[in-house]
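The following block contains the structure, expressed as C-alpha cells.
Each chain gets a letter, A, B and C, in the order it is written, and its residues are counted from 1.
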C-alpha cells in the first residue's frame, strides 16, 4: 500500500528552482533512501513534504499525496495535525535541533500533550518510556536534564524519541548520523532499524553517504542538482549502478579494508540552482559526457535489467 | 549555582566600594564653602560654625571618610539638616512609593516591550513591524516629564478620569493605588518599553532562525506555542539582562516623574534636597539608589542563570 | 539555500571605512528622516536671532498667558514672554549642551575605553570605576553633580559628561577588544610595531564606527537629560531660556495655559527622534555588524 507519493514536485525560491520534477513512492513500512551531495535538493524535498520550507520557498508544481490526501494544498492547521503525529522528522544537528532551555522530558511530553491529549503526568511517564525505548540509560534521570547535559548520540536518540512519541506512519530522517562519531552512527542506525520493525513505520532516510543508505534502505533515490537521476531497489542500484553520478558516488565510499589511498572524489561541485546547465545537469562533471548530453534534459527511463536512470548513454555504459 | 552566586557577589563588592566613595565625594566638588552655601546668605557666623560642626567639616577629610564608613557599617546615613530626621529613616519612609512606581513601570515596559518586539519579529518587514518599531523609537525619544504633563492635562484636567497626582498606599485602597500609579508608571515605562521592544525584536529574529524552532514546528506545535514558548524563552535571555539596567534608568526617571505627579517618594526627597543643598540627604540618596541598582543587577544575573540552564551548569 | 540569496558581505574583512558609506548613509530612509527632523530644528535654533519675533527675555505684563494667535504663534507665558522666541533660543542652549557632552564624552570616554581595551592592567580598575559610575542613574547623578557644581551651562556639560562617559568608554573598549584580535593587528605587532603605533594606526581607526554611532545616541540622551535638569531648576540659570525651563514655567498653569509647555516638548522630541533616527542610519551604514546590538 502506498503511504506517500511524490509526483512531479518542484520547489522554488522566487525564480530559482531548487527541486524539479521529482517523483517517487513510499509504501507502508518501507525504508527509502534519498542520496546526493549537499545542494542536490534532497533536504528541500523533505521539508516540502513536512510543509516546513524556509521563508521564500514554495511548492510550484506537483503533488505530495500522504495517506490519500494531497498535502501541498492542505491548510496550515491541518498540516499541524499531521506533523509530529502522522509524519515526523529528525535533523542533522541534534544539539541545534533541541531547544536549549527546555528539559528533554518537556520536549517529548509536549508532543504527547498536544497530539494525544495526555495530561501532564501521563505525558511525563510516557516520555520516560520513550527514552527507554530509544535505549537511553537511566531515563528517569535524563528526562529532567537539558540537551547540553547529554552526549551527541544521546541527543539524537532524544530527537528520535520526540519524533516517535505519537507513533507516526512516516519518519523523515535528514542526515541523522552525519554529525556523529562513527561508532555512535552505527548505534543510531541499529536503533532506527529496530524501531522501524517494531512500529512498522515507513522511513525516508536522507544522506549523502551511500554506505549508510546501503545498510538499511530497501529502495534508493539518487538526486543531483534538484532532479532524480537514478532510482531502484537497493540491490540493483548498488549491484548494477547505471548513472555515472551514482557510480561516482559509490566509488567515493571509503573502504576500511585495503591500503589507505587518496579518496576517489568527484571532480568539481554541484552547480548553484541559479546556474543549472540546460541539458543533463551532471554533464559538466561527467567523464562520459558527449555533446548530446548538453542539448536536452534526459528523462528518467527504465533500463532493461536495471534501475530507472536519467542518462542517454545508460545502455552503452553498463 | 551557589558558587556562581558567590562569585557574582564578589565582583559586586568593589563596585559598591567605589559607589560609596563617590557618594561621599560629591560634597568635595562643591566649589567654595559647603556650609555657607547650605546656610544661605542670611546666616550668622555663629550659625555657620554650628552647621560646620554638625556636618563634621571641622575635621580633616580622612577623619570624615572614616566617620562616613564607620556610620555606614552601622547603617547610619547621617542626619538631614532640613528635615531634622535621620537620612535613613527619611528614605525608608518614602521608599514604598518609589519602589511601587519603578516596578509597576518595569512591568509595563517589559510586557509591552517584549510584546511589541515579538510582534515586530514575527511580522518582520511588514506594516506591523514598522508600526511597532516606530512606536518604540518615539517611546524613547519623548521627554518623559513633558509627556507626563500632557497626560495629566488630558486624563486629569480635560477628561477628569484620573487624579492629577498624589499617592494612595496600596494597603489603604488598592484601587486608588492603581489609579494613582497608572499615569506616572505608564509615562515612566515608555522609554524603556522602546528599548525592550528593540532588543526583543533583534533577539527574536535571531532565535526564529534556529533549528530548534524548526523542530518545534516539525512537532506540529501551533504558531503561538512555537513563538511564545520555544522562541520567546530563548529570546528573553538577553532581554532579561538589560532589565537590571532598565531598573536603574527607571529609578533615575522616577526622580523627575515623582516631581511631575507630586508623588512623595525618594526621588522628590532627593530633588528637594538638591534644591535646598541638603547634602547628607543627597549623599544618602545617591548611595541608596546605586546600591539598589547593583543589587538588582545581581538578582538579574541569578535570574539569567535560571532562564538559561547552560549558565546554571557553568558551561559558558 | 545560501547560493540563492547570498549577498556580498564585507563583515569578514575589516576596513577603514566601507566604500560608499556616505552614499549608503544618504540613501538610508531612517537617516534621511532623522536629518530632516534634526536639521529643521537645528536650523531654526541657529537662525533664532533673525527668526524670533520678540525678545525672549522681555517681560510684558499686558500680554500675560495669551493663547496662541496671529501675533504670538505659540502663546505667551506668565510674564508675557513670547513662547516661540523663547523656544528658538532654548534650542540653541540644548544643542550647545548636547554637542558639548557628545564631544567631551567622545574624547574622555574614547581615551579611557581605548586604554582599558589595550592596556590589560588598567582594564579591571578602570572598568570597575565605570561600573560604579553607571550604578548611579545617569539623570540623578547629573542632577546631583550639576547642583553641587553650581548653575552654569558649562557645569551642566560637565555634569552630563561625567554621567554619560561610562557608556562611551564601554563602547570604545568593546570596539578595541574586537579589533585588536584581527589578524592584521596581530601581524603589525608581530613585525614589531610599537604598541602606541598599533593603537593609533590600526586599532583606533577601526574602532571608530561604533563610537560615532554611540555619540549620536549620547547627543540625544544629553538633550533629554539637559531638559530634565532645566525642568528641575539645576540647568543653566534663569533668565536663559531653556526648553526644560519653559516646560517647567508652564507646569503651574497647566489648567489655564496648557500651551506654554506644549511647543518646547514637541521640539525636544523632534531633536531626539531626529538624532536617534540618524544614529540608526549611521549604525546600519557604518557597521552592518552592529545591527543586532541596541545602543
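Here is the rule we go by: a residue touches a chain if its C-beta (ideal position, glycine included) is under 8 Å from a C-beta of that chain, and two chains touch if they have at least 3 such contacts.
Computed from a predicted structure; not experimentally measured.
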item	value
Higher-contact pair (C-beta pairs counted), B-C versus A-B	B-C
Taking each chain's C-alpha mean as its centre, the one farthest from chain B	A
Where chain A and chain C are represented by their mean Cα positions, the distance between them in whole Å	55
Geometric centre distance via CA averages, chain C-chain B, whole Å	21
CA centroid of chain A to CA centroid of chain B, Å	53
Contact footprint of chain B on chain C as seen in their complex	128-129, 131-141, 143-145, 147-150, 220, 224, 227-228, 231-234, 244, 247, 250-251, 254-255, 258, 261-262, 264-265, 268-269, 272-273, 276-277, 280, 291-295
Of all residues in chain B, those that touch chain A in their complex	210-212, 214-223, 225, 230, 233-234, 237, 307-310, 313, 315
Sites on chain B touched by chain C in the complex	14-15, 18-19, 22, 26-27, 29-31, 137-138, 140-143, 145-147, 149-150, 152-153, 157, 195, 198-199, 202-203, 205-206, 248-249, 251-253, 255-256, 259-260, 267, 270-271, 274-275, 277, 282, 285-286, 289-291, 293-294
Of all residues in chain A, those that touch chain B in their complex	50, 52, 76, 79-85, 88-89, 91, 93, 96-102, 110-111, 114-115, 146, 148-149, 159, 162
